Each structure stands twice: as structure tokens, then as C-alpha cells.
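Can you keep this structure in mind? I'll have questions shortly.
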Amino acid sequence: MQDKKGRVPSEAVAQATKEALKRRGVTIEDIAEIVYRLQLPYNTNLLMEDCIDSVERVLRKREVQHSVLVGIELDELAEKKKLSEPLQSIIESDEGLFGVDETLALGAVMTYGSIALTTFGYLDKSKIGIIKELDTKIDRSVHTFLDDLVASIAASAASRIAHRFRDLEEDGVAMADTPALVLESSSHAGSDF
Amino acid sequence: MQDKKGRVPSEAVAQATKEALKRRGVTIEDIAEIVYRLQLPYNTNLLMEDCIDSVERVLRKREVQHSVLVGIELDELAEKKKLSEPLQSIIESDEGLFGVDETLALGAVMTYGSIALTTFGYLDKSKIGIIKELDTKIDRSVHTFLDDLVASIAASAASRIAHRFRDLEEDGVAMADTPALVLESSSHAGSDF
Amino acid sequence: MQDKKGRVPSEAVAQATKEALKRRGVTIEDIAEIVYRLQLPYNTNLLMEDCIDSVERVLRKREVQHSVLVGIELDELAEKKKLSEPLQSIIESDEGLFGVDETLALGAVMTYGSIALTTFGYLDKSKIGIIKELDTKIDRSVHTFLDDLVASIAASAASRIAHRFRDLEEDGVAMADTPALVLESSSHAGSDF
Amino acid sequence: MQDKKGRVPSEAVAQATKEALKRRGVTIEDIAEIVYRLQLPYNTNLLMEDCIDSVERVLRKREVQHSVLVGIELDELAEKKKLSEPLQSIIESDEGLFGVDETLALGAVMTYGSIALTTFGYLDKSKIGIIKELDTKIDRSVHTFLDDLVASIAASAASRIAHRFRDLEEDGVAMADTPALVLESSSHAGSDF
């Protein structure tokens, strides 16, 4: 799974990230729904389509992909009891003072700025939508990392929309009038990596 | 105001921090009240006295003191219209996409770990107690930085209690049975700088 | 200096950021030179032009602009002795344990990911190029914040090139063969906000 | 390995952290040596004993212990080819753009403040002492996470000494005159969690 320099192609990493989320029961739409609820108060023209686009954009970022792959790997290993002790017990029981799940998610969300970061903190506590579902599962599944990762992706996508909406407002364009493609490629202040 | 090496004594910095908060209308008790509301669900024996102690401990940390002094200085300069444009307008109007207030607060809260950080994000959005009062003032006062700083101190103090409570539980001691002094000097896993 | 919603237009903020750097004696080229020295070992085809483009891109980001404006404002106020004590003494003397300058710079650099962040730490200690000049000025100028901000912009621009170079390699294109415009708009994994 | 609430005792986590480092070939002394090299220029009275004490203190912090346990677990799983693809290849080859190792280490170091954080960035690039040894091993061992974790612990311990040294200076005491125990329990501005 490596190129001549022994590296995994970016496309394979992107693909694996999407598959991992799907395998763990989280769809792009689940995450987009959280984004919609977060951003609607600030932007009444917002469409679910915009939110889906924004989530997909966030998922193209390497930092995000790597965090998702590592976090889900640890959840799955814990589920299969394949971690060594005491880590197995700590992750399996989602200990309150274990913070590596938040740290990993923070590493992804911080690339979207300090507002994304505070939004992540809010989601991490108030747990809406799929985040709540993951958090309250009563079967033997382990989602210690996944709920934080989903909160991180949703917060990033919401922050991304906030920045872009501001850019478009300044250009005198309302979001609903704007085809998704234009929305994506707007090249203003907050919009570039 | 400097020692032989041209440095300001730590005690003077600590004192100035407390005075700055007081001058801006925020008491230790105001902050402790938020801590109490945050931690009570996890710790029914919690006393307001514990929360006040924890806030005071947080305020002894240099990173926290420096953030408070810089943030309040910027608020006060903006109030007096002493900043240059466009910064004056940005801070005075507390622009939604301005994130330096959050960044400054994050610099302080991150020293209390990732759980403090997510708690800060939660407070920054849900604005309880004095944070709400600061945020909704209708006079000409500017609190762009102050509300984030208060959220940061409260989140830090709450996280500090969570870690210490766990330490005491392991020692078989309930928090209410423990004199504040002992509570402060417990020397377990989470408790040392 | 505000629009109908009382906000400063993004263009005005961008312009003010560039002017502030220039006023303090830092050119885009000064920063680009650091980027060039950082990235050349990993990318022998790198051109100064690529580095200048990357610095300009970084300077279009709101988080970066806001950090620069706040940091330079504090340096200039300290120079004019306009800050209140003890902050005036702390910033004027660039105290070793004062960390708000680093925190502010971190808020900007963290949006470029963890590698940008470690590069910033490296520059903050090893002080090459214009960063060294700022740090060793013997006149009465205060650059407590500016040297960290420059390190942050350089680290961000370098990290941005590293990500894009990888994207282009995967597309089978060498950086030197690529017009700057294409380089900027490459739309791969690491390249979008 | 759990208490009545299903939690792992802090003491067991602390013990496991020390054993994990030892198993991977890193001693407390190896890390203390880096701390010594970092801090000696600022503090000519510094003793290796102070550095060892400081490293041990850092290793008592939960955030640090959890990061170490997760990072070493991932290194060891990668060594045994037990991770799923593409994560296995990414971690095994220590890809340049993989940043989760830095993120994990940052989560630990950030609790020691912004100066610890920049010191970490410096160590991450300049790789002195045991960090270099780990980075250049030519056998089949995987140390993708370990070198960053060691840099993080060393940076934290060095920052801790810097803060405490300042406290003691203000108290009019030189570090060498101070028994380690006193050094540990100094209760000034920078010293409490």
C-alpha cells in the first residue's frame, strides 16, 4: 500500500477514513446534521447540502484523516480486547479523566481556528445528534474516541461555514444563491489552508 | 516595579491580576459559582469553599495571570478608544470571527489539560452566571476578552477539582471531610504542576 | 471603518496587517527567506517565489491577521509606555516566563497543523534571519510579540509548502515546473482550509 | 485491574507508564540528561538530581501518563504488524506528514505552558540525546510516537524547572542550596497544578 518512497497515497488514506466512519455507523449526513443545527441560528439560508459539502471538505484534510484513523483503530482494538493493560480498561470504560480522545480530536479541530475549538468543547459536553447516540450505546461497542472525533469534524465544518459565509456576505452574495462549487472555492480571508 | 534583573516580582503580578478582575466587576465568588454549577453533578459533597479555593489556586499560575492582564488591558484600551484601527473597531464590537480572545483564554486553560479545554468551550457557548452578565451588558463597557478569561478560569478550577476529587476518592476520603488545606496539598497523579 | 453590521471589511484587516508588519520593519521577503531555509532540505527545486507566495497566502487568513494586529499593537503601546503596570514592565523587558507572545503566535500557527506548530517551536528557540535581528535590537524598540509572530508566519508557510509539495509529488509534478498559481490552487488532501 | 467504579487505580497507571518507557529502552536518566542540557545555560547551579526529580514529577501527571501509554501501545502494535492498513504503513514508516505523534505529545506538554510547548518544538527538530538515538535506530523497532513523547516529557520537566527556579530566586534561595524536597514543594506562582 505504498508508493516508491514507501508512502501511502493520500487517496488511499482519504478512502480509508470514509470507510472507517461508515464501518462504525457514522454517515456524512449524521455529521452534517449537527453542523446544520449549529449554524442555522447564524445563517437562515443554510442548506443541508452546504453542510454535507463542508463535512466532506473537512474530511479531505490530512490532520483530520490521521486522527480519525488512529482513534477508530484504538476503539476497535479495545472492542476486541487487543490492547494491553491498563490501557484496555481505561479506553473500554471511557474513564472520565482520560483525555487522549479529546487531545486527538483537538489536533484535528485546531486547524480550523479557535472558534472551531470552542465549538468542539461545546459539542463534547452537550452531545447532540449522532454524538449522543454513540455516547449512550448499551451494547459492547467502544466509542471512546469516535464521539470526540465526530464532534471535532462537526465543529470544524461549522467553523468553515461561518468563515465562508462572512466572505460571501462581503461579496454581497447570500449563501442559498450560491452553487456549492462556488461556495467551496471562494478565495477570501478565512478560506485558504 | 522591577527587581535587580529588571523583572516584576511574582507577588506584584498576582496582586495586579486580582485587582484587575475586581476593577472589571468580577469577584472570586462569581467565578467560584460557575465552578460549583459545573462540578456539583459529579460531586454532591462539593462546597462553595472548595470552589473558591480552587479559583484562587488557578489565579496563582503565571500563565493565567499574564493572560488576564493582557486581556483586561485590551478591553480597557478599547473602552477608552485608545487602540488603533481596525483593531479598535474589531475589539469594541466583539466581532464573531475575531478569535484572539479565545486564543488568549485557551493559553491559560490548556495548562489544566484537555478536559479543562473542552469545559472552556462549553462555557464559551453556554455562558452561565457572570459570563452571561458580561456578555449582555448594554452600557459602553467592552468585555470582549473578559468573558473568555472568566470562562477559562472557571474551566480550569473545575478541572482541577475533578482531578483532585479522584485522587481523594482513591485515598478513601470524601471531599466534604477534607479541610481545604489538605485538599490543596494532595500530592497525587493529577495534582502537581 | 465598519460595514452595515458594524464590522470591519476583511480587505481592510488584510491591508492593515501588511502595513503593520512593514511599519515594524518586516517584509514579506524577510519571512519568505526563513521559509526557504526551512524547506530547501526537503525540496531542492524550491524557489523563493514559492515561499513568497506561501507567506502571502498565510497572511490572508483571519486568525493570522488578528494575531499580528494584536501583537504589534501591544509592542507599539509598550514602546510608547502606554500600557499600565505591571504589564508595561513585563512586555518592555520581554520577560522569560511571559508566554502570551507565544500563545498568540500559537493561535495562528496551530491552524496549519501540528508540524507547523513544532516548526514554530524550533524557530522560537533557534531564531534565524529577521527573527534574530528583531531579538537582538539594541535601540528602544520593543519586539516582544513581533519575533514570535514572524516565527509563526514562517512556520505556517513552510508547513503549507510541505503539504502542497506532497500533493504535487503524488500528481507526478515537480514544484519548479509548476506556475505559482497552480501551486496555490492545488486541491488535494492537505490543501484546503 | 479496576476499582469498584470500574476504574484503574492511579498508582497502576503510573507504574505502567514507567515500565513502558523502560521496556522501550528509555530511562528517567536519559530524559533528565536532555533537561540538564536545556536548562544549564539559564541556571549554572543546576544538578542532574534536580532534573531527575523534575522528570519524575512530570511522569506523575495523568495527561502525561495517558499519552505515554497510548503512544507506546501504537508503536508496539506497529512493530508487531498488528495495526490495520493504511495506519500500519503510515506509523511503521513514520511518514513526514503524519502528525498524530506530535499531537499526542502536545496534549501532554501543553499542560506545562507555552514555553514548554516551544521547547518541545525545538527538541522535536533538533533531536538531542536519547531522542536522536531513537530516531536513528536501524533495526526493525518502531519509535514513531516514542521520540515525540520523550521530547514532550523533557520539555515539560525543563519548563517546570524554569518556573521553580524563578520562584526560588525571588525567595532569595539558589537552587543548589535547596534540598530536592523543598524544590518540589515550593508553592509559588508557577508551581501549582
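The letters A, B, C and D name the chains in turn, as written, and every chain counts its residues from 1.
Quick note on the criterion: contacts are C-beta pairs under 8 Å (C-beta built on N, C-alpha and C of every residue); 3 or more make two chains touch, one makes a residue touch a chain.
Everything numeric in this text was worked out from a predicted model, so none of it was measured.
Think of it this way: of C-D, A-C or B-C, only one pair shares over half of the A-B contact pairs by residue number, and it is C-D. Counting the residue numbers that touch the partner chain, chain B and chain C have more than half of them in common.
Of the two chain pairs shown, A-D and B-D, the one joined by more C-beta contacts is A-D. Averaged C-alpha coordinates give centres for chain B and chain D that are 27 Å from one another. Contacts with at least two other chains are made by residues 13, 62-63, 97, 99-100, 102-103, 106-107, 113-114, 163, 166, 190 of chain C.
On the side of chain D, the complex with chain B involves touching residues 3, 9-11, 13-14, 57, 60-63, 65, 107, 110-114, 160, 163, 166-167, 170, 188-193.
Across the complex, chain D is touched by residues 42, 96-97, 99-100, 102-103, 106, 113-115, 117-122, 124-126, 162-163, 166, 190 of chain C. Interface residues of chain B, counted against chain C in their complex, comprise 1-2, 6-8, 12-13, 16, 62-63, 66-67, 69-70, 73-74, 76-77, 82-87, 89-90, 93, 95, 97-100, 102-104, 106-107.
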